[in-house]
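What follows is a set of structures to go through.
Consider the two complexes below, in which subunit A is the common component and subunit B and subunit C are the respective partners.
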Partner chain A sequence: MSTGAAARIEPGARPRRDTGLPRRLLDAVLSNTGARITSYLVFVLGWQILGGLYERVPGPVEVVQFLADEIGRGGVWDAFQVTLERFFAGVAIAFVAGVVIGLLMGMWPLARALLKDTTMVGLAIPAIIWALLTALWFGFSWKAPVLTVALTATPFVAINVTQGVQGTPRDLIRMSKAFGVSTHRRVRELVLPFIMDYVFTGLRFGIILGWNGVLLSEWFASTEGVGWRTRYWYDANNFDGFVAWIFLFVAFIVVFDRLVLSPIQRRVFRWRTTVAMR
Partner chain B sequence: MANVALRRQGVRAPSLAARRWKQAAVVIVGWAAFFALWEFASSVLFNPYRLPGPVAVFEAMESIVTSGDAVKHFKASLGKIFLGFGFGVALGVPIGFLMGTTRYWKAFFHDPVLVAGSIPGITYAVLALVVFGIGIEGPIVAVALISMPYIALNVSAGLEGIDSSLIMMSRAFGRGRKDVLRHVLIPTITPFVFAGVRLSFALAWKVEALTEVFGSSDGIGFMIRRSYQLFSVVDVLAWTGLFVIFMLLLERVLVRLERHLFRWRPQEATA
Partner chain C sequence: MAVLKVENLTKVFPAAGKDAEPTRAIDRIDLELSGHAFVSLVGPSGCGKSTFLNILSGVEEPTDGSITVTSDEGGPARFGYVFQDPRLLPWRTIMQNILYVHDDRGEETKRRALEYLDMVGLAHTGGMYPAQLSGGMQQRVGIARAFSVDPDLLLMDEPFSHLDAITARSLRDQLQEIWNRTRKTVLFVTHDVMEAVQLSGKIIVMSRDGRIHAEFTIDLPHPRSAADPEVAALQAEILGEFEKIQAAAGNGAAAPAQAG
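And now, the complex of A and B:
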C-alpha cells in the first residue's frame, strides 16, 4: 500500500514532475536540439530507404565507404583544388564587374536606363547556357569554367549593388554635394559603407549560383575538377562514386555558406541594425 | 522627387509625355548598344560561326516559332513546371503550417529548409536522371523540391504574423475550427503561398530546363541540349532568347496576377 500512501500525503499539492530517465529522454527528444538531430536521422533513414527502392541509388554506407577509398587514393583534394581555383577566379571577376556595373547603375540614371534590361536578361540566363556556350567557344580549357562562374554571378552582384546604392539616404548625399564633397570621397565614405550588406547579399547569391556553374561547366567541358570527377563515375556506371561526389560538392557549398558566408553577412547586418536603431 | 530637383535648378518641369519619351529613347538606346556590342563581338572579336550575330539568331528564333517547335516544347516544359509547383505547394503548405504553429516542427525543419536553398541545381538534375531516367518525372520532382522550401518558409512566416486577435474574436463569437480555418487561416496563407511560388519561379524554371538538358525527350532544355550536341551555337542562342523572353513575360504575369488577386490586402504584407 505504499504507493497509495505516497499519493495521500499532500492531497493539495500538484503531482511532482517525474524526473525519471524515460521522462528526461522524452524531453531531450522533444527539445529543439533533439528535433534537429531527429531531422538528420530521418534524412539518413530516407536515403537508406531510397537506396533500397532504386538499385541505382547507393545507400549512405556504400557512399561513406567509397569516400574513404577515394580520399585514400588522393583524388578528392586534387579535384577540389582545381575547381576552387577556377571558382574563385570567376567569383573575383564577377565581384569586380558586378560592383562597377552596380555602382554605375545606382548612381547614374542614364547608365541604369542603358544597362537595366541587359542585366535583367543576364539574371534570367541559366548557368547551363553559359556552360554549354563556353564549352562550344573555348573547348576543354580553364576559360570555360571561369567564364561560366563570372557570367552567372555578375548580374546578381550588380543588381544588389544597384539596389544598395539606390537605398542610400538621399539627404546625406544631397548634403555632401552641397558641402562640395568630392565624388571620390562620397563614394568611399558614404555610399560604400552603406551598400556593404547589399554587396554581400549579391556576392552570396553569386557564389551559390556560381558553384552550380563551375560544376556544370566541368561536367561538360573539362578533364579535371569536381564536376568532371562526378561525370567520370557517372560514365563509368559507378553510382557509389557518382553519389559520393554529389554528396561532396553539396556538402562543400552548404558548409561554406553556413560557416563563411552567413556569419559575414550577419556581422555586416548587425552593423546596419545598430545604426538604424540609433 | 524629380520635380523638386528640377525646381531647385530653376528648370520648368517637362510634361509627363516628354519625360516618358525620353525614358523610352534611353531604353531603346540601351538595347541598341547591347545589339551593337553583340554584333561587334560576333564579327570582330570572334567570328560569326563561333558567335552568330543578332540577325542570324533572330532568324533562327523566327524559324523555331513558325515551325511550331517553340509552342510544342514550351508547352511540354510549362506542363512539367505547373505539375511541379502543384506538388511543391502540396508539400510546402503542410510543412509551413507545422513550422508556423509548432515549436518542435519548426526546429525539425529549420536545417533542411535552410540547406535546401544552397544546394546547386545540378544536384537535382543528375539525381533525377539516375533515379527516374529519361522522362517527365525528373523535372517535375526537381521543380517541386526547389519550390517547396520557399513555400514552406513563406507559409510559416505568414502564420507567425497572423492576427491573433482575429482568432480570439472568432472564438469569442463562437466560431468553430472550420470557420476559423476558412475565413481567417486560408485567406491569410494564400498570399504567402503565392509569394513563395513567385519567389522561387525563376529558380524553378531554370532548374526545370537544366533537368531537361540532362534527361528528357522534350521541352526547352532538351532542345538546348540537342542544339549543343549539333554544335549549333545559333540554335543554342535562339532557344536561350526564347527562354529568357518567356521567363521575363511569365514573371511579369505572376506579379500582375498577385497584385490583382490580393489587392484587398495592405501592400506591405505581400512584399
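And now, the complex of A and C:
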C-alpha cells in the first residue's frame, strides 16, 4: 500500500525534527529569552531613530556618553546613596504600616469601617501631591522624600493585605479552630504566610510608585539625590543629562525588581508546585 | 465512664430569607459514647451529620442542649478531626503540618508525629510539601495529624468521600489497622453504609429531621468483607431504615451510597 509523500513513522519512534541552523535560530528568537532581547533591541533601535529625527530627543549614544562623563565627574553613586537611603526608609515604614493596617482591617469589621475610606483616599492621591505637600510641610529636608514614599506605598500594601486576610481559606481556619490552635498561632502560622503573596503584590506596586515619589520629592524639595540631579540638568536645558538620569532612575528599579524582589518572591513561595514557580 | 455525652442537643439555623422557615438541623439528640468505641453516623444528605460534628468540635454553637467530653487524664478534652479534604497548610512541610496542631513541639511530639506518619506509610515525606503528594497521600497525612494529638475523641467527617474507590479502600484498611493499635474513640460520619458496616462497632442512623432514627450494634469480627453474607445482610437492614426515612419524609431525598 502506498504511503504517498508522508514519512512513515514506526510505532514508538519519534518524528525527526529539523535541527538545522535556520531552525535553531528561529527557536532561539521565539524563546522567552529571545523575545526579551528582541524587545530591548527594538526599543534601542526605535530610540535611536527618534533621536536621529528630533533634536530634542537625545539618542542612546549621547545618553551613554553623558553617563560615562558623569560617572567620571563623580557624584552618581553619592546621589544614589542619598536617594536609596530615603527610599528604603520610606518602604520600611510602608511595609510595617501597611501590614498592620491591613491586618486590622482584614480581621475586625470595626477597624475596616474606620479605616477603609481613608485608605482608599490614600490610594487615590498621586505621588506628586504627596511630594508637594511634604515639601510644603517640611521644606528642604530628608523627611519630605521619606514621607512621600511611605504615604504613596502604604495604601497599596494595606488594601492588598486586607484582601489577603479576608481571602484566607475558611477551611484552614476551621481546621485550626477544630484542633484548638490559638488565635496568636493562627495569625502567625496561617494568616501571615497566606497573605505574603498579597503583601508582595502590594509592596511591588508600592515600591514602583514610591520610587516615582522619591524622584518627585527630590525634584521639588531637595539639594541632593537622584531627583535633584535630574532637575539640575533639566533646568540647565541639558537634555542629554536629563534623559541620562531618567534612564538611570528607571534602570535601577527594573534591575532591583529582577535581582532582589523576584528572587525573594521565588524563595518565599517555593512551597508552590514547581510548574507554577517556573 | 462515657467519653462523650450529648444531652438534648439542638441546632436551629435562622431562616435564609424573608418568607423562609428556620432550619432545624439537629433536634434533641441524646447520645453516649464509651471509650475505645468506633461509632459511625449515617443518614441521608442534609440530616445534620456534619453539623453535629461541627458542634462537637466547637466550630459551631448549639442552640440548646449540652455536650460533655471527658478526658482520661483530666483537663480539657483533646479533639482530633479528619475532614473530607486534607486541609493542610500548603506553605508548610508535611512534618510542620502535623506539628502545627500541637502547642508543645518538643522531641516527644516530633517522635510521635513521625510514628503516625510511619503508620500511614509516609515516614519519608516529612520534608516534602503537600503539593508534592497525591490527594490520597495528603488525606493520609490528615489522618496521621488527627491521631498524633492523642485525642480523647476523634471526629471523622466523610474522610474518604472525595477519593477514588481503590484509594478509599486502601485508606479504610489503614484506618482499621491504626484503630486496632490505638483504640481511640472515633465518631465517623459517612453516607456510605457499607463503609460504616465494615469499620464500626455501632452505627447510628439519623433521619432528615435531625433526629436519631435507629441504632445498630455490630459484633462481627474484623476484617469484614462486603461479600460476607452477614455484612451484606446488615447493610440491607440499614438501607431498609433509609427507605423508611425517605417514605416518612415523603419526597425525593438523596439516596445513600450502597457500594462498599
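Operating definition for what follows: the second predicted complex is superposed on the first by the 218 of 278 C-alpha atoms of A that agree within 3 Å, B and C clash if a C-alpha of one lies under 4 Å from a C-alpha of the other, contacts with A are read in each partner's own complex, and residues count from 1 in each chain.
In this text, a contact is a pair of C-beta atoms (placed from the backbone, for glycine too) under 8 Å apart; a residue touches a chain by one contact, two chains touch by 3 or more.
These numbers come from a predicted model, not from an experiment.
**Student:** With both complexes superposed on chain A, which partner does A:233 reach: first (subunit B), second (subunit C), both or neither?
**Tutor:** A:233 contacts neither subunit B nor subunit C.
**Student:** I'd like to know which partner A:66 touches here: subunit B for first, subunit C for second, both or neither.
**Tutor:** neither
**Student:** Determine, under the contact definition given at the top, whether A:208 touches first (subunit B), second (subunit C), both, or neither.
**Tutor:** first
**Student:** Examine A:126 and indicate which partner it touches, taking first as subunit B and second as subunit C; both and neither are also allowed.
**Tutor:** first
**Student:** First (subunit B), second (subunit C), both or neither: which does A:198 touch?
**Tutor:** A:198 sits against neither subunit B nor subunit C.
**Student:** Counting touched residues of subunit A, say whether subunit B or subunit C comes out ahead.
**Tutor:** The partner that reaches more residues of subunit A in the superposed model: B.
**Student:** Which subunit A residues are contacted by subunit C in one complex and by subunit B in the other?
**Tutor:** The overlap between the subunit B and subunit C interfaces on subunit A is empty, containing no residue.
**Student:** State the interface residues of subunit A toward subunit C in the complex, per the touch definition above.
**Tutor:** Answer in residue numbers: 171-172, 174-182, 185, 189-190, 193-194, 269, 271-273.
**Student:** Can you name the residues of subunit B that touch subunit A in the complex?
**Tutor:** 23, 26-27, 29-31, 33-34, 46, 50-51, 103-105, 107-112, 115, 117-123, 126-127, 130-131, 202, 206, 209-210, 213, 221, 224-225, 228, 231, 233, 236-237, 240, 243-244, 247-248
**Student:** Going by the contact rule set out above, which residues of subunit A touch subunit B in the complex?
**Tutor:** 30-33, 35-36, 38-40, 43, 50, 54, 56-57, 110, 113-118, 120-121, 123-129, 132-133, 135-137, 208, 211-212, 215-216, 219, 227, 230, 234, 239, 242-243, 246, 249-250, 253-254, 257
**Student:** State the interface residues of subunit C toward subunit A in the complex, per the touch definition above.
**Tutor:** Interface residues on the subunit C side: 57-59, 78-81, 83, 85, 87, 89-92, 100-101, 103, 129, 131-132, 149, 155.
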